[in-house]
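Shared chain: chain A. Partners: chain B in the first complex, chain C in the second.
Our next item is the complex of A and B:
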């Protein structure tokens, strides 16, 4: 994982993620479509940490967040890590997309987007850190 | 993100979003759309032609807006989506709960 970004779980992190992705785009010549989808994935995972993560006692927060990325011309692997109590984003219920407007809840689509926009999404808890591993394959139509 | 609103020949309004609709900016859009459907004129076409990015924070406000539109007896349509925004709509199951049209002509015709 040669690329790394250190953050705190605050809304400011979203601006830093966006800027970091622009740097990676330049360095690895990433297609716009991949950068956009990675941005959504990272925004959703970071917002999930901001909303749901509980600091590990005796820490009071803000919660440390680390994002690592390993990029090649065939795939992107990203690890989003936060040092807090165990919290598995994959345990969140899947939204029911067949409900009509009256019955659709207003939120609850964030982790759904991560699942749908990634080719692999795994969770583990490693030495006090929640780790979400995301893999995106560069499909033929995404290459430039 | 910038939000601009303009009136049309008919009684509909067009609200254009320019830039990124994300967790940082979605509250601005929420304020505009909630205010819109609390007023007298309630027919709104959302112009997404200049929208480059949307996350679940933006999707949330669209569901909220669609509900407000229905509750208030108004109408809401969206047009001009870029293909990657349309992809996010599709994986969110939005085509069955929102009216999505290709361009402004079709959008305003549906609101007339």
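Our next item is the complex of A and C:
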């Protein structure tokens, strides 16, 4: 039975995500490093929804967000879902990190962080919901 | 949250706590204003910070563009934060001590 958190796409959701992760940390004895990186991933994905998701007509918002987590001692699988028009975060262009800092745009690194901090990151659209599937494996260094 | 002190010939911005989206957004303009208002090199002291998101990376980028990368450094970086900087490609271009 996965853990579940129901939210609305508002900045208040960020505080609720942080609190929920602290509860999971206590319940599943998750390492600090995993909790910290999951927090970054979820914060970036929820912020992406807040900034870019468009309500499905006739709804006017706020957009419902649901996060489910399936945890074991070897990996964490998280599904971040929002009920809105299709929007694939993986369609956003990857930043060009080889550019000189002066030539790089300000911002645009949120989804890049999600990609790089996850062992798996997939997107699908299921029955009116955008679904981002994230997997993090408990590497040996993360368990310590 | 953030304090500004002149130390050893540079303006040091001493951050404390989680540099999450909300916190970074709240202080972005003040940090940039302080950086723009000095001719000294600018350093971000992150000794008290173990969590950053892309919004804090944005603050770093804005300051770098304002003062120039030669005048900007980041000191006392927690390993978890260093990992985020590395993912962002900051470790190659910014002076991270």
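FYI, the second predicted complex is superposed on the first by the 142 of 144 C-alpha atoms of A that agree within 3 Å, B and C clash if a C-alpha of one lies under 4 Å from a C-alpha of the other, contacts with A are read in each partner's own complex, and residues count from 1 in each chain.
Note that a contact is a pair of C-beta atoms (placed from the backbone, for glycine too) under 8 Å apart; a residue touches a chain by one contact, two chains touch by 3 or more.
Predicted model, so just to flag it, every value in this text is computed and none were measured.
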Problem - Fit or clash - chain C, chain B, common chain A - result: clash
Practice task
Answer with first, second, both or neither: which of chain B and chain C does A:113 touch in the superposed model?
Solution key: both
Practice task
For A:47, decide between first (touching chain B), second (touching chain C), both and neither.
Solution key: both
Completion exercise
chain B and chain C footprints on chain A meet at residues 11, 14-15, 33, 36-37, 39-40, 43-44, 47, 95, 97-98, 100-102, 104, 106-107, 109-110, 112-113, 116-117
Completion exercise
Residue positions on chain A within touch of chain C in the complex are 11, 14-15, 18, 33, 36-37, 39-40, 43-44, 47, 95, 97-98, 100-102, 104, 106-107, 109-110, 112-113, 116-117
Problem - Residue ranges of chain A touching chain B (in the complex, touch as defined) - result: 11, 14-15, 33, 36-37, 39-40, 43-44, 47, 95, 97-98, 100-102, 104-107, 109-110, 112-113, 116-117
Exercise for the section: Spell out the residues on chain C that touch chain A in their complex, using ranges where they run on. Expected result: 20-22, 50-55, 57-58, 61-62, 64-65, 68-69, 80, 84, 87-89, 92-94
Practice task
Using the touch rule from the top, collect the residues of chain B that touch chain A in their complex.
Solution key: 22-24, 52-57, 59-60, 63-64, 66-67, 70, 84, 88, 91-93, 96-97
